[in-house]
Amino acid sequence: AETVRVGVLKFGTVNWELDAMKRHGIDAKHGVDVEIIPFAGEDATGIALQGGSVDMIVTDWLWVSRQRAEGGSYVFAPYSTSVGAIMVPGDSPIQSFADLSGKTLGVAGGPLDKNWLLIQALALRDAQTDLSNDARIIYGAPPLLAEKARSGELDAVLIFWNYAARLEAEGFRRLVSGEEAAKAFGASGPVATIGYVFDEAWAKEHADAASGFIAASKETKQLLKASDAEWDALEPLVNAGDAATLAVMRDRYREGIPARDVVEEEKDAAKLYQVLEGLAGEKLVGPGKTLDPGTYWSGLKNGS
Amino acid sequence: MTDFSATVPPSSAATTGTGPNADPLSERGSAPPMPSSPAPPASLDVHIAEKRFVSADGTDVLAIADLAFTAAAGSFTALIGPSGCGKTTALRIILGLDSDFSGHIRRADPEGRIAAVFQEPRLLPWRDVETNVRLALPPERRADDLGPLFETLGLADMTRRFPGELSLGLARRVALARAVAIRPALLLLDEPFVSLDEETAARLRALLLDVWSARPTTAVMVTHNLREAVELADRIVFLTERPARLRGVYDLPTPRAERDAFWQERTVAEVGALYPGVI
Amino acid sequence: MTDFSATVPPSSAATTGTGPNADPLSERGSAPPMPSSPAPPASLDVHIAEKRFVSADGTDVLAIADLAFTAAAGSFTALIGPSGCGKTTALRIILGLDSDFSGHIRRADPEGRIAAVFQEPRLLPWRDVETNVRLALPPERRADDLGPLFETLGLADMTRRFPGELSLGLARRVALARAVAIRPALLLLDEPFVSLDEETAARLRALLLDVWSARPTTAVMVTHNLREAVELADRIVFLTERPARLRGVYDLPTPRAERDAFWQERTVAEVGALYPGVI
Amino acid sequence: MPRRAGCDVQRAPSRRISPAAVTTASMLALLALWWVAAGLAQSRLLPTPAAVAAAFWRDARTGELPFHLAMTLMRVAASFVVAMTIGSAIGLALGLSRTANRFFNPWVILFLNLPALVVIFLLFIWIGTNETAAILAIAINKIPNVVVTIREGAQALDRQLAEMAKVYRFSRRDRLVHVILPQLQPYVAAATRSGLSLIWKIALVVELFGLSSGVGFQIATYFSLSNVAAILAYTLAFVAVMLLVELLIVQPLEARATRWRGKS
Amino acid sequence: MPRRAGCDVQRAPSRRISPAAVTTASMLALLALWWVAAGLAQSRLLPTPAAVAAAFWRDARTGELPFHLAMTLMRVAASFVVAMTIGSAIGLALGLSRTANRFFNPWVILFLNLPALVVIFLLFIWIGTNETAAILAIAINKIPNVVVTIREGAQALDRQLAEMAKVYRFSRRDRLVHVILPQLQPYVAAATRSGLSLIWKIALVVELFGLSSGVGFQIATYFSLSNVAAILAYTLAFVAVMLLVELLIVQPLEARATRWRGKS
């Protein structure tokens, strides 16, 4: 079996999947030997892929498209449709965008986070609320913002889905999610914004490994979708702490499993790309005016 | 002699010894006339029973074995002893810079100001000559005119210079200026006149006597120069080789006005005969 | 006299002046007997036309206005001048430590080792006494037995001490030990015998003559002590007040063996009369 | 006087090159080096000076760069003052008292080695994500460094001068101003230079972590977009300010303070 | 001799408290302080010493903590040696030559102020995410700090001793070992102490940014879980090692080097 080195966050969702995959020998079944290489931050995995110390990481198509536009040759295979959401405490009076006016909103990921851009655009379009001016925005690292939301210092927080799930288990509720914003801007279904990313050249050279891995990933997802017991085994990596939290994490993960055809995904991604290009311009998307045509891995279309 | 009255009040004469010049505790001295100034001059009782150093390599160095002497109020004492015997150590103990010894130091007027001319100039290299002197002055006299003093010491045109720009002899003069400028009650001098030519040294000795006799100052001076001691002191304390012990005390009751060249030669010869090796 | 042959080859006698003792360029001197050692001794030609300092406050200090003298191979020259006139400056120029002057310094044997006794001891405070001396030795002599030298200087029981644990007089002796230990071709001394008692000073003077005469060494010594100069030198160079100019040269052709106390007194008086103020 | 062979020491030629010329030459050399390297690399990850200049202008025109730079400078300046004052005082106290030093040394080592992230996180949580917390977090990260540097200086203080000051009854203030501080000058200078840079680096982390303005905030954003040219533009803008501070404030002050050492 | 009133100076009482006792007392005091504070806070974000000890044991038993700690220590040690050697050499050279310093000073300021992130990012991409790149990245971040500290020391070197060494023709090696280095000792000590801590902090960032092992990797991971107890367990494990280094290596070396200063 060919070895595939995958760079993951130690307690990240990708690691859940890979852990289950290896425990059940699903990778071997598809002719690959997955080597999990843990990292401590999103940026670290990107650096590792560019530095050549891993074959595959998980990141978004925007990154891939930008790299391609600038001469890189990475490709994308959908992994999850889960994105961040604005969370508010369960008893919060905030019910709509308009209610966010004058409130303190924490935003993880910085001003160019694509969810944030889409949600802002949505608020402006549907509720005539200019969040970046009408609300007090606090950017920060996700753990910090999560703590601040718990302590009540933030009235609302836009945060990545796994943090959001945790908050949900603690009684927070979802005001709006990235998926809804994406739909509002023309996506025909849930768009997998993050996916496995690897070098096209590598995939060509190791075609069996690449498609074998993708297949193994799919099979593992089905397993995680079907089996609750599997999640108990994953608890050390999920670190939910209690059964209720684990249940929320599990449900949100399952919701995020992409089910649509790659071609549709690609179409929606291209649409969103246009929207984002319009919102943030070159700063966010790089020199490419449209989603780079080779962004989605060709192996997906032929194979499935 | 140059007038530097702003710093030191005018005195009757330079070397005439109007100040008290004998030690009441001495066997040979006669009771001195009390000085006319209001504050009583400091008097000093030194008894160093033992002073040891522990050197960095762990050896124990007995520097002073037994040294006791007194200095009457307003008297001038000279300390003479071989190189490395413990003179500087004794001065440091008197100054209160070293309290790790057995014995005692008693001053009649512990509040009175002390001045020290160390064996090295010990000037602040980053402050100019004038600032070096002025910083030693008591706060109420910080603004005094030091011009005449610098004039006498031949430093008038270098008050703005840094110590690193002075020759060693000039730096020593600045140290002397600092000591006399504060008008101390107790003045300790560690070989103040070395590294100076004879002419300059003589001028500074005259200055020192001037200052010393102008107000009630008790002075203790370390020297290797018996001539110097005979010219200046009321009492000479001789020390032995290390560990320093009291070798003997020689009192000089002759008033300074009567100390002419002939007297000095005779006295130097007499002392030299009593204490072989010091000349 | 103590034997320290390991460091300095044995010489016939201490103060008898077997070394050359007159300057061939001098008007009064006679040609000296050539020394028997293989290497020719250094000879020195000093001409400092002008040396200025720019002080930190911007003033221009003319330190030396015109100073020229020569020292014959193997001769002993004394420099006498008032405090702050420029003696140390002249020595630094001769040592090559200051090249910002007009004039020239010429040595017959520029490769020959120079030793300097600075006006301060300049020891490495973090190295013990012995290491301080040993570091100055040429590599091939690093392992020499320095015991006899330390013995003569009264330093035998403190070779492991740090300079900070020495009295100033002891530290100066270490500096002297360092200078003579390297057996220099040219030896420059800046007031080497101050801060020492008479007995020690006499012993060190004898040592110095011993070393100087044992091998062809040209010596230049700054001193404020005319007696010392008369005892040791073949030639005395007198300087004026700052800016230093040549005030005069006095040659002493009398062999050292014949310099008894009476001769010394007479000579000191004679020189003192010729150059008022130096005594 | 006849010219003889020998060692002839002549007046040294006076220096002709002005300090300003040397500094300019230095920067031009650096620029040339960079341009050549970037030219050879031909990579988006090592942009040419021109690309960086373009990135600079883009953000300078919008006023973004000046704003974020000003915010960072404000934080750097405030934390610097706080850290130097407190750190010097502690360092001096520990350097002068052997017992105090023995007691507090483990504390110093603890605070020295506390990860910046931990301090920043806790302060942001306790005090809130505001300027006070940011400046305090930066200062706390820097103080131990100032302490160890100044402590070394205090331990190396000249005893002879201290004795002199004691004998002549210098006031506390005089002792500090005229005896101690001049001796600490090189240590203060070292703490200042490496301090400013350390503070700036911590400020970057603080801004990245919980603030919504400042160069660190911008760099983090550009970093997630792998935009090295923009990162360098912000970095060099800060470096330029530091160079100005060095040339216009630190060096003149230092020249004054070390005037007594003389030139050579 | 009759006892008179006056200023009586007596032998000072000998110090009775041993250094080890003081250090122990210090750490106990720190522990007590922390426990009280944690008790008052009652927050997951300020765990008690017991909670941290539990976290420590949990990861120590699995061998995880010793492994990551060893990796970090290895990187810290290697970068320290590289940074101190190169930094001291450059610092000494710049401190001794006024012209070289004038020329390279802007470069020093540039490298001093390059954000750690930028250096780490570029090196990881150019060299790859491996140990060489990591150690180099850490060293490059630290070198300018060593340079500025040692440079100050070199500028404050005693001229008189340098002259003495010149007259007596000390070899280059002797000059360095016996004249220059002893004077640089306090600067080297300052650079060492604040250096070790700085290097450790940069190592944390490096490990966070591209490595799969080390304390930084673990801390960042626990950080995403807001697990402060585990973060503190790793931090304190490193601090403990640094304390041991301080007590068993740095202090004895320093005591030897400063023996000549004498006690007081």
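Which chain is which? They are A, B, C, D and E, in the order written, and residues in each are numbered from 1.
We adopt the following convention: a contact is a pair of C-beta atoms (placed from the backbone, for glycine too) under 8 Å apart; a residue touches a chain by one contact, two chains touch by 3 or more.
The UniProt protein names, listed by chain, are B, C = ABC transporter ATP-binding protein; D, E = ABC transporter permease.
Bear in mind the structure is a predicted one, so any value in this text is a computation, not a measurement.
Any chain bridging subunit B and subunit C, meaning touching each of them, is among D, E; the list is complete. Under the contact definition stated at the top, the chains bordering both subunit C and subunit E (ABC transporter permease) are B, D.
When the C-beta pairs in contact are tallied for C-D and for B-D, the bigger tally goes to B-D.
Averaged C-alpha coordinates put the centre of subunit B at 49 Å from the centre of subunit E (ABC transporter permease). Taking the mean of the C-alpha atoms as each chain's centre, subunit A and subunit E (ABC transporter permease) sit 40 Å apart. In subunit C, the residues touching two or more other chains are 56, 96, 120, 162, 165. Among all residues of subunit E (ABC transporter permease), those that touch two or more other chains are 45, 121, 125, 219-220, 223, 259-262. For subunit A, the set of residues that touch two or more other chains comprises 43, 143, 147.
Chain pairs recorded as touching, per the definition above, are A-D, A-E, B-C, B-D, B-E, C-D, C-E, D-E.
On the subunit B side of its complex with subunit D (ABC transporter permease), the touching residues are 92, 95-97, 113-116, 118, 120, 122, 124-127, 131, 135-136, 138-139, 162-165, 178, 182. Looking at the complex, you find that subunit D (ABC transporter permease) touches subunit E (ABC transporter permease) at residues 15, 17, 19, 22-23, 25-27, 29-30, 45-46, 99, 102-107, 109-110, 112-118, 121-122, 125, 144-145, 148-149, 151-153, 155-156, 159, 186-187, 189-190, 193-194, 196-198, 200-201, 204, 219, 223, 228, 231-232, 235, 238-239, 242-243, 246, 258, 261, 264.
By the touch criterion stated above, subunit D (ABC transporter permease) contacts subunit A in their complex at residues 44, 121, 124-125, 128-129, 208-212, 217, 220-221, 223-227. Those residues of subunit D (ABC transporter permease) lying in contact with subunit B across their complex are 160-161, 163-164, 166-171, 174, 178-179, 182, 257, 259-262. Only residues 1, 4, 6-12, 259-260, 262 of subunit E (ABC transporter permease) touch subunit B when the two sit together in their complex.
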